[in-house]
Structure formats: C-alpha cells, structure tokens
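Structure first, commentary second.
As written, the chain order gives the labels A, B, C and D, with residue 1 at the start of each chain.
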Amino acid sequence: MIEINSFGVLGGDQRQASMAESMAADGYPVLCAGLEHVKGKNLKKAGWQEALKADYIILPLPVTKDGVTLNAPYAATELLLDREFFEMLKGKKVFCGMKNTLLKAGDYFKELTLLDYSKREEFAVRNAVPTAEGALEIAMGEYDGMIAGSRCLVTGFGRIGKVLSGMLKGMGARVTVSARKPEDLAWIEIYGYTPVSTGKLSEHQGFDFIFNTVPTMIFDAYTLAKTAQGAILIDLASLPGGAECRDAQEKARPGEVGLAFSFH
Amino acid sequence: MIEINSFGVLGGDQRQASMAESMAADGYPVLCAGLEHVKGKNLKKAGWQEALKADYIILPLPVTKDGVTLNAPYAATELLLDREFFEMLKGKKVFCGMKNTLLKAGDYFKELTLLDYSKREEFAVRNAVPTAEGALEIAMGEYDGMIAGSRCLVTGFGRIGKVLSGMLKGMGARVTVSARKPEDLAWIEIYGYTPVSTGKLSEHQGFDFIFNTVPTMIFDAYTLAKTAQGAILIDLASLPGGAECRDAQEKARPGEVGLAFSFH
Amino acid sequence: MIEINSFGVLGGDQRQASMAESMAADGYPVLCAGLEHVKGKNLKKAGWQEALKADYIILPLPVTKDGVTLNAPYAATELLLDREFFEMLKGKKVFCGMKNTLLKAGDYFKELTLLDYSKREEFAVRNAVPTAEGALEIAMGEYDGMIAGSRCLVTGFGRIGKVLSGMLKGMGARVTVSARKPEDLAWIEIYGYTPVSTGKLSEHQGFDFIFNTVPTMIFDAYTLAKTAQGAILIDLASLPGGAECRDAQEKARPGEVGLAFSFH
Amino acid sequence: MIEINSFGVLGGDQRQASMAESMAADGYPVLCAGLEHVKGKNLKKAGWQEALKADYIILPLPVTKDGVTLNAPYAATELLLDREFFEMLKGKKVFCGMKNTLLKAGDYFKELTLLDYSKREEFAVRNAVPTAEGALEIAMGEYDGMIAGSRCLVTGFGRIGKVLSGMLKGMGARVTVSARKPEDLAWIEIYGYTPVSTGKLSEHQGFDFIFNTVPTMIFDAYTLAKTAQGAILIDLASLPGGAECRDAQEKARPGEVGLAFSFH
C-alpha cells in the first residue's frame, strides 16, 4: 500500500496559496491554515491546530516579519512562534524559507528538521519572476511615458536579468543588456536584445530606464553621469547595491539621474 | 526652394513631448511650450507666445480638462483658452484631439481650421498601447500573485484586445481571448492564445483576470456568475460598459467577482 | 433527442487528417477514407463506399489535381470523380475547396449542394500559416547563412505578411515590413518590426531576403535595383505577381537580385 | 601610434563570410580568400597568397574535410594543406576550429600558434543557432503538416535545447521540454514551455516531433515505444547518440517511430 503524506501549509500570501493549490492538484492531501482571507482559491482550509497534524509542514517566506508571530497577513488569527508551536512541529519535516529568521525567534527551533527551500536553485529561479514584475510595476508607476518603445538597460544577465529582459521585450520595450562574459553576450544577442559589454557601459546612453541587477559597484560616477543621464534607475541587486542608488540620487544634479529606486 | 514648415507643440504630457522629439528628429523645426517640467528630453523650449508663431500648431489630447485652460500639467504657467489665444491660432493649421472639447470653451474656435487627429485610425491604434499598459498596471497593483502564470481572459480582439493580449503573453500569462467572428478566432489561435467564442463564455472559468474590451453587454448575470467567479474584472470598454462593472461589483456576493474596475 | 450528424472525410493530406481528428475530438462521428497512408493518427478509417454514407462529406483542397480522380495522395486506392461518385453525393451537404475544379470534372456536379470553404475569411487566415512556413522553408534551403540575424523585408501586412513576419521574428531575424496604410504602419511598429512606407521602399536596402506578399507591381526596376540588390527574393503574391520575379531574374545582372522564387 | 592588425580570412562558407564582414564593419582591415563564389557580400577579395600576408589568419570550421585541402567550398581554386602553406602561417596567430583535424594533415602544423575558437563557450553558444535551424529545416521537409500547432518535444535544455525551443515556439509550435535538474525545469516553465522531468518521459506521448539534444541514452525501448509513437525523431546529440536512432528506426514496427534522423 502506498501512503501519501499529507501537507500542512501555514500562513504566507498568494504565492503560498498558489503552491498549496498546485500540490493539491497533483493529488496530495493539503490542509491550509492562516490563508483565510486569500481570495477565490479552492483551498481546503483548516484551523492552525488541524493543519499542524500533517506529516509535512510548509512555512511561508519569510517565516516571520516581527520575530514573534508567523508571517500570515491573510490569516483570521495570528500564530505565535512559541514553545507550543515548536512542540507541534517536533518530529515532522518542516519546509521553510530563510530559516535563520525562525531560529532567532527561539533557540529550541534548532532541534527541528528544517529544510530551507530558499537555498534551492530552482527556488531562486522562480523567485526572479515576482522580483522582475515588481520592478516593472515600479517602472510603470514612475514613468509618464509608455514601457512599449522605451529604451531599457538591464545590467547583468543572471536570473533576474534574464526574466526581466524577457518581460520588457514582451511589453515592446527596446532592451539593451550588459554582461561581462562573452557567452552571456552571445545569449543576449540570440534572445534579441542589444548586448553591451559591462566595461563599455559609459559609451551607451539615452536610456529611459536602467534596471541594475548586479550586486557589485558597476556604475562609477563617470558611468552614472553618462549612461544614467535622464534615466529612471531601479536597483534590483542585493545589498550593498551596485548602483549606489541613494548616493546617486542625492548627488545627482537635476536632469542627471531622473529617479532612483532601491528595491530589496 | 523647399520651405519646411515649423511646428509649435503646446502642452500635454510625456506623449506630446515624445511626439515633438520624434518630429524634431525627422528634421522639422519644432518649438515646445508648456512642457517645462517634462524630464530629460531634448526639446527646444519656448514661451507660449513664441511657439504660437509656428505655421502648424499641435494641441494636446484632450485639449482641456477644465474647459478654461489648455491641458498642460507640465507647464510653468497656464494658458487660457480665451479670445486672445484664438486670435493667435487664426490662419494656422491647428491639430488637436477631441476637438469638441475645444469648441465648448468658446464659440469662436469654430472659425479655426481644426484637424482632429484622434479620429485617425492609426491614432486609435497607437492609443491602444497606453490603454493596455494602464490596464496591466492596475492588474499588477490589485493582484497579490504574479501576472506570469496567471489565467487571463481578454474579451474582444479589436485594437486594445490585440495589444493587451500580446503584452500579457509577453509577461508570461496564460491568455484566453474571446471573439465573435470566426476569422478573429483563427487569428487568436495563430497568435498563440486560447480562442473562445463569445457566445460560449459561460463555459469557461477559473480566470484570475478578465479584461473587458467590448463596449456592449456581453456579460449577463449568468456569465458573470460563472466566468467571473473569483476573477479581477478590469473594464476597458468605452461607456456604457460591457461588463456592467459597477453593477456587478455591487451585486456580487463575496467570492463571486473579486474586484471590478472601470477604466475610462 | 439530439441527433449528431456524421461526417465522411475523403482524401487530402495531413491537413485533412488533422481536421478529421479535431472533429472527432469534438465529439462528432467521423469516418475517413483515402487517408490510409497518413502516419500515426487516431483516425477511424473506412472504405470509400462506407465513408460516403455519412450525412456530410468533406472533400480535400484542391478537390482534384488531374481533373479525373480525387486528390488523395495518401490513399490505398484511387477514387474516380465520375457519375457513380456523383450519385453517392446527391442529397448530402458537400464541403469542398475551390469548387470550380470539381465542376470541371463533370457537369453533373453542379446539381450538388457544394459549400466552398476556401471562400471563408477564416479559412484564408488559417491558410496563411502553411504559406508562410513554405516561404520559410524555401528561405532556409536557399540561404547559406542563418535566418537568425538575417535582414528580412516583408512587403505587405495582410494575412500572409502578418503570419510570416511573426515567424521570422520568432526565428530571430531582423524584420522590416512595408505597408501603405498609416494604421498598418502603426501595427507594424507595435509588433516590433521596422515599418517602411511602400512608397519609400527604394530608400531601404541591404536585405538578405525579400518576401513579397503584394499582388500588384510594387517593385519597379529602380526599386528592384536598389532594394533587392543581393537579396533572395521570394514571391508569395498571387499572380500576376508583384515582384515580376521571373522578369527580374532574367534581367538581373550578376549580384543584383540574388535569386528569385515564385511561390504560387 | 595605434596599429591595427590585419586579418586574412580563408575558405569556409557563408558563416565565415559573415564573420569577415562583421570584422570589416568594426573597422579592421580584412582580406578574404577562397570565398569567391559566396553571393552578394561586400568582401574585399584577394588571392590565397595575398590574404596569407595578414597578421592574423582565420581558418574555417572544420579546417579540412578531406585531410588534404582547406575546407573552401566557395573557392575558385583549392588550397593544399602542405608544407608550403605551413611556411606561410609560421609566426602568425592562426585561429581555427577543431584544430586536431589540421594536425592530422601534417605534423609540422604542431609548431604553429593555433588558437582553437571552437573550444570557447561563446562559440558553442552561437553554434547552437545554425544547428537548431538545421533541425527545423529537416523537420519542415519531413513533415506533411505544419510546424505551427504541432506538438514538439525537445529533450535537454542545454545550448541547443534552449535555442531550438525558442525557435519552435516562435513558429507557433506547442513545445514540451524535458530536463533533469529542477532549476532547468523552472526555467522551462518561465520561458513558456511545458516542463517534463526526464525520468517521466514515458508518461508523455502524442508528439509530432521529438528533437533529442541529450548525448546519453535517455530513450530506452519502453520510452521509445510510448513517447516516440508516431513521432518524427530528430537526433541532434553528439555521438554515440542518445536516441539510438538508427537502432530505433530499424527495430521500429510500422507506426511506432515515424522517422528518425541522425544529425551530426
């Protein structure tokens, strides 16, 4: 007899709900708690206690925002990350993202079998999608013109650069992508973007948007003054931030850098 | 000797500025007034009086929002649509959009040679792009999930339907498009969307978004209850509004229509 | 009681077989004859006589190639378009493409209820796809280089122009499309191709391919010499042929028009 | 004083000619020999002797097909890979692809400074494009139906898999891609293809085409019988060949594997 394990999905937002739905569609028994106010999903909802009886528990990303309660903005009631919660998790396989946040909430959580899904490469790949959409939403909100026909520079052709370039092109923008490695430049060309070697960024200008995805400092003062002239600069790189955005914004003379957003 | 006529571009927003830029790039002498606060554009700026000396005058769309001053949100000073303004336009070719708005501001404007560019088919085509982007921006703002992977229904395959479907697909959404005419359904399939005959809309459901572009009533109560169940409904059709959005929203029981936006 | 009519699908090639499959998948009873050697399809096969008992008969496009037998290259046996065949069709609804071809095979066919599907707009739309693929196949076969990165000019933005431009772009080509109407030029730009006004074709050159879809004479000797210089010219327009291909090829000095194909 | 080195480009086909053109467009002095019959290119043509005087020599890929003469199908005269040729190359930087082929033509070639461009990652990336186009051309030639709407399986998401999937989608095919790694499956989904885990290939069937890009044996007899049923199988993997094509074709009962092509 094959026994299918049951899953308890706790808290989180739309993405957590979508994941629960997709698992249920694959035939797994899934119980959801803390997603009471998520709209229009066919989820089997349960109380915290009931969902915690499942064999596998899936916690949201991040697991907590305040260090005290589970991250569950759509929950009817809150769930404390206390010893009682810990006791219910004991002996189960617990999936979570950014597990250090949980460990800070209580030492005893270290005793659990925690599987950090945010460290998996495919998780990082999939996570590039909401990041790219977030950047696009900022871009649409801040720009008076249209994305279609706008001149966009994406620095870096990693996960976010790849996804974002594709979306911008899909929206009708004219997309330039910078990279260092010759093979990335070859891919950039194959995908139909204009390739620019990172070292030659200052030779290119006239962009409406610059989306920085490179976590190191690639825009020096000179490149900023040339390339970012009049552009809206949206920084998607992890700290310490390649574009030195805040700095750029403060120092920028009017008309130099249009606007700068840090997006972490 | 070929004499090239000069153009005076007055007021408007980013689009008016882009148009001025594009004409200047084509070699025409262009003077702009009332675009003082538009960011980072290489426009030859002038005062109202000076720009009004050009042979051709291009007014914004709409020409006025308050019926009293020119629509010029990026202007340093306002321009009254008074008799003095009228006198300066006399004898010139004046391009404007939605000329009835101008005629309401003063009877004497009827004496002018007014060319209404908003009636040209290619204008309507190009105007579908900002409309589609606006709809996408609303969608991104209202939805907790991602556009990528979401299930979108676009009703109608006219100008806006065509542009919007392309953008949604470019963002990675799963796009269904409804139309009445068999040749439109053939095109919908060729472009890679799922075609649905308008008459069979009620057989399809499970959408995250419904973008209505059809100006007649295609969603009756039954279709709304079935197809729009749990979806975010964004109405892009001209009044009187195919989706009867407001009505739908008011009558909808919780979980029936997620949200409804009227977008005119 | 709902009675579903049965369909007899006779002769034709892969497309006829796909159509039969798709109808069967929609729940209609379908019998196929003359498709014995079509590979790997789940078709309910029958003899000519049996299939001809169905309520509706679907004949291939074209109905005949030799004027004597049914066009059925994948059939085990041939079917004569004789009086016996006519008698079996009497009283049935008969769908066919290019019905004049059938009428030439025998006067008595005029007595039948013939529905010519090749005259329907959606049929013409769908038919643009194999035409565009055929053009692409010729292009791939004749060109030593790659389609990806090649510079392609498509003249005309009708059905074939639309489909072919999309395929070329999908293959990574740099696509320029010419049209006469301003709204077509607006669409061409929105879809991400370079728009060229038909009247200004001679100002553009350096193409690797020119795909002509315009059935009137748009390439005069001067335009040919300038625009088609060194290009492979593939003529997709109906006779009498816009590009005057044969003529062009004969008159062309070496290096003027690379190659010219007439594709009807 | 900056001295720009001159390049001698020898033999090869359209690709070699395009490369020469692109270098000349970048401002380098380029002399071509052995490309006399390449159509319509603005190349500075020279004799073998003259081109061999350049500082850098670029040899074609492969360098030779017969082991005796340079691979130069478009040359007016042939060039022997003899000691005289070797003497002219001495002291120069010589770029070539698959240098072992040259070394077999004569031991003395080992003394040269040979830079094998075929080992560079970006070369392999760019080379995926003609390979994918070649596969598509075979597919178009062998299939009675259309690529648009056809069901294609691409096994493997390496360089060729990525490029080929994009082209097939660009042509309107319904594309399924198999991969082993979870992050590849995530990318496959993001790019809009249907992802299939390599281990579960046998659960999927009904394909019109299978393009194999995996150089190991992923199709066992069972998977072949299930997945490749009725499909045209095109093998793009390097030998020894993942699909065991020849074997498959020989063993296949009628209707099992439609056709099989080995493409090396």
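In the analysis below, a residue touches a chain if its C-beta (ideal position, glycine included) is under 8 Å from a C-beta of that chain, and two chains touch if they have at least 3 such contacts.
Everything numeric here is computed off the predicted structure, so don't read it as measured data.
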item	value
Contact-richer chain pair [A-D vs A-C]	A-D
Listed pair (B-C, A-B or B-D) duplicating the C-D contact set, over half by residue number	A-B
Whole-Å gap between the CA centroids of subunit A and subunit B	31
Between subunit A and subunit D, centroid-to-centroid distance (C-alpha), Å	37
Subunit A and subunit C, separation of their C-alpha mean positions in angstrom	46
Subunit A, residues touching no fewer than two other chains	129, 148-149, 166, 172, 190
In the complex, subunit B residues that touch subunit C	120-122, 124-126, 128-129, 163, 166, 181-183, 185-187, 190-191
Partner subunit C, residues of subunit D touching it in the complex	13-15, 18, 38-41, 129-130, 133, 136-137, 140-141, 143-149, 166-167, 169-172, 229-231, 255, 258
Touching residues on subunit C, where the partner in the complex is subunit A	148-149, 172, 189-190, 192
